[in-house]
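Got a structure for you, written out below as structure tokens; questions coming shortly.
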Amino acid sequence: MIQKKFENAAKAVADIKDGATLLVGGFGGSGLPSHLVAALVEQGAKNLTVVSNNIGAVSDGVAALISNNQVRRIICSFPVGPHADELIERLQNGTIELEIVPQGTLAERIRAGGAGIPAFYTPTAAHTELGEGKETREFNDRLHLLEQAITGDYAFIKGHRADRWGNLVYNKTQRNFNPVMATAARITIAEVDEIVEVGEIDPEIIVTPSVFVHRLVQLEPQREGRVLVNE
Amino acid sequence: MIQKKFENAAKAVADIKDGATLLVGGFGGSGLPSHLVAALVEQGAKNLTVVSNNIGAVSDGVAALISNNQVRRIICSFPVGPHADELIERLQNGTIELEIVPQGTLAERIRAGGAGIPAFYTPTAAHTELGEGKETREFNDRLHLLEQAITGDYAFIKGHRADRWGNLVYNKTQRNFNPVMATAARITIAEVDEIVEVGEIDPEIIVTPSVFVHRLVQLEPQREGRVLVNE
Amino acid sequence: MSKDQQKVGWSKIELATRVAQDLEDGWFVNLGIGIPTLVADVIPEGREIILHSENGLLGLGPKPEPGEEDMDLVNAGKEPITLKPGGSFFSQSDSFAMIRGGHLDAAVLGAFQVSMYGDLASWKLPNTTLGRVGGAMDLTVGSKRIFLCMQHTSKGTPKIVEECTYPLTAPRCVDRIYTDLAVIDVTDDGLVVQELAPGVTFEYLQERTAAPLKNHANSILQEETLHIND
Amino acid sequence: MSKDQQKVGWSKIELATRVAQDLEDGWFVNLGIGIPTLVADVIPEGREIILHSENGLLGLGPKPEPGEEDMDLVNAGKEPITLKPGGSFFSQSDSFAMIRGGHLDAAVLGAFQVSMYGDLASWKLPNTTLGRVGGAMDLTVGSKRIFLCMQHTSKGTPKIVEECTYPLTAPRCVDRIYTDLAVIDVTDDGLVVQELAPGVTFEYLQERTAAPLKNHANSILQEETLHIND
């Protein structure tokens, strides 16, 4: 019988090794899998490559992994915010590498990773500093960049409700990067408010089908919420 | 005030010109916008390029346009079925051109067209007859083909319920090619069982957001159903 | 300000109101962070403009009442918002497929600099380590129209220039510039002033602009002359 | 058939049952049209195998009762089916992203020909105008495992050959071949017979196969020999 539920976040992240590539969902604090991040801070894996849209928007996101010296490389679109100081310090002393990617290219590269497409062309960032060094090609008389897929060893995502098979629904704009990151990792771990029996979620409203979710962690009700979006 | 509802299918397809490229949703008879197809047979536009997965599975799909000599070119994955005779005849006498595309490549090319990606790489069909003549490139030690986006002047799609803005939900496997084709045409026309006021469809369950739908036709209840999936 | 000084230019809310006038019924529009956000509050009565937020929603509504904020319902600036009836939620990848696929009628964005050719610089200041690109590069290549909405100068330094000196967001992408002083179109024939804010003269505007401006009437004249020369 | 003739090989349902034995609890599996479809009816008790249909569903269930057919709930063969609790619907593009992205544990497919190297021909007969490729090429490049499930010969003509003469679906893609006569693995070391159906001898099988077969025991032996030679 399929059982993806883990007892807690610590057990769900226990096997993550040094050097792993990690996709972290959320947009600022909304839809951020902060309990999984906290468990990984506790677990301590180092030299991580982290792919996440926002770095520094909140203290309990990727900023926590940076503070704890677990990150070697970051791929993101928006590396600024009130909790970006430690990132800036590490960029300056060379202990972290940063790749800034336009948000749509970031989403599409992850989607490509999940969909078996190694590379695609986009006009986004052509003729800009972020396009420098990339292979280019004209389509329809417009310069395009060749962009490569992103995949992760693990994805940390946040959902609202899951069933035992791993089907997921989200709450409002909590979706953001979570459904796409779920498709692009070898092991996708979802923290959710609630886990229900199969058949309890209407098949028409499932956003992330079961095939994309490998581990589930149910939040304890008292720890469920983040009160603030930004700090 | 936004009003995408047309009085009937005839008025919704009236401006389609000879030589247009048309995307037709459905998988066999399931989710097939057969009333829009029938209206186009009546309207008579010729030299059409038609993109649709199945040709010949049912008599009231693209086969009807072929019988009426309206089609010059077909892009599909499965050009066979009980109603494919007239296609075969026209292929033999050279009045129709056919491009057979693997189903996943077809879906992805249409998705790329809707997402502003002019071309992408895929391993599907590499080293096969369907890959002949295509540009190739190795990624991860595997041969890939460069595949180009598909867009349409019009898309004909079938949905279950729409609201006045054009938001759509589908019924079960009626979805198939409909949501992706909706994104890839200059003008997307949806035939639906029911049109409701905005706000009546839960924002969490909308499959095709309003931005992708330009015209709506509500089916008359007595003409609503197809009884058989295949004939 | 002494009593006899005439008011010069538009206030932020007047500027947003001027932008909103040009958004047509039924358009799908993305509003950037900053002054553009104000446009949401001044949509003309009777027009349905569907606002897009790149984190995955269509049908963005006004700010919630105090106490009604929901951390799972935020805009691209990560501020709590509401959803209008008819709105929908989708993922970031679907949201950017919408943007990059050319499905938005307009994006109203802020800017650090804009050139007379419509080049936009809006994501990174020079000599800084970090840019904050977010969705700016995707919006500029994907939206059918790019409207800028900004102060005409940055503390007196012109933001409209011959060539951008700041890192580009995208070249040749801006269609129209709305500032506190004027509405200016970016055309093949250069920057054409369409409208002056109250108290602003063409000369006053040109002094605060580091690229040559044409006014609409002259432009039409010149176009006619060009046609004669054809 | 005279009474003293021993039964030779598996029936279609026995063959499907043999395939089903190898599908593990929790696997996501796509079943092709034809004999593979039968696998759905013989999943071992207590195993949860989630079946995928490329037209956009996971959790495919058995055929509906007569009168319960729904034209909006069909499988890849366009036949009415049912959905199991836990099932989900999605678009064709999402469905093939799932297939091509490597998310399915196995696809069980039919074949016209398969070579000793695992090349598969399954979409077009030679000298015909029309092929019916459907999702076959996507499944063969995308699934983690490709299992063939087919008759060992086509009216006496071997379907397992040295080199395919029919148009390829994909090269080097087949992992295991289940026929009415045997279970055969495609390995770097050639075709290795893992299991013979009742009444089938290795010689009987080789006679009906147009490529050299090894039996499992010999293969192990040879591998050891090779190691000695290293």
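For this structure, a couple of remarks:
For clarity, chains are labelled A, B, C and D in written order, and residue numbers in each chain start from 1.
FYI, contacts are C-beta pairs under 8 Å (C-beta built on N, C-alpha and C of every residue); 3 or more make two chains touch, one makes a residue touch a chain.
Treat the numbers as computed from the prediction; the structure is a model and nothing was measured.
Listed by label, the chains that touch chain A and also chain C are B.
Counting hops only between chains that touch, chain C reaches chain D in a minimum of 2. Looking at B-D and A-D, the interface holding more C-beta pairs in contact is that of B-D.
Centroids of chain A and chain B (each the mean of its C-alpha atoms) stand 33 Å apart. Distance between chain B and chain C, defined via averaged C-alpha coordinates, is recorded as 36 Å. Taken residue by residue, chain B touches two or more other chains at 108, 111, 115-117, 122-123, 170, 172, 203-204, whereas all remaining positions touch fewer.
Those residues of chain D in touch with two or more other chains are numbered 57, 83, 89-90, 96-97, 100, 141-142. Judged by the touch criterion defined above, the protein chains form a pattern that is neither an open path, a ring nor a star, and not fully connected either.
Chain pairs that touch one another are A-B, A-C, A-D, B-C, B-D. Those residues of chain A lying in contact with chain D across their complex are 1-2, 111, 113-117, 163-165, 167, 183-184, 198-199, 203-204, 206, 209-212.
Chain C contributes residues 53-57, 69-74, 78-80, 83, 89-93, 95-97, 99-100, 124, 129-138, 141-142, 167-171 to its touches with chain A in the complex. If you check the complex, the residues on chain C that touch chain B are 25-26, 28, 46, 48, 50, 52, 57-59, 83, 85-90, 94, 96-98, 100-104, 141-142.
Against chain C, in their complex, chain A makes its touches with residues 27-31, 53, 57, 77-80, 84, 88, 91-92, 98, 100-105, 107-108, 110-111, 122-130, 170-180, 207, 225-230.
Those residues of chain B whose C-beta lies close enough to touch chain A in the complex are 108, 112, 115-123, 139-140, 144, 169-170, 172, 202-205.
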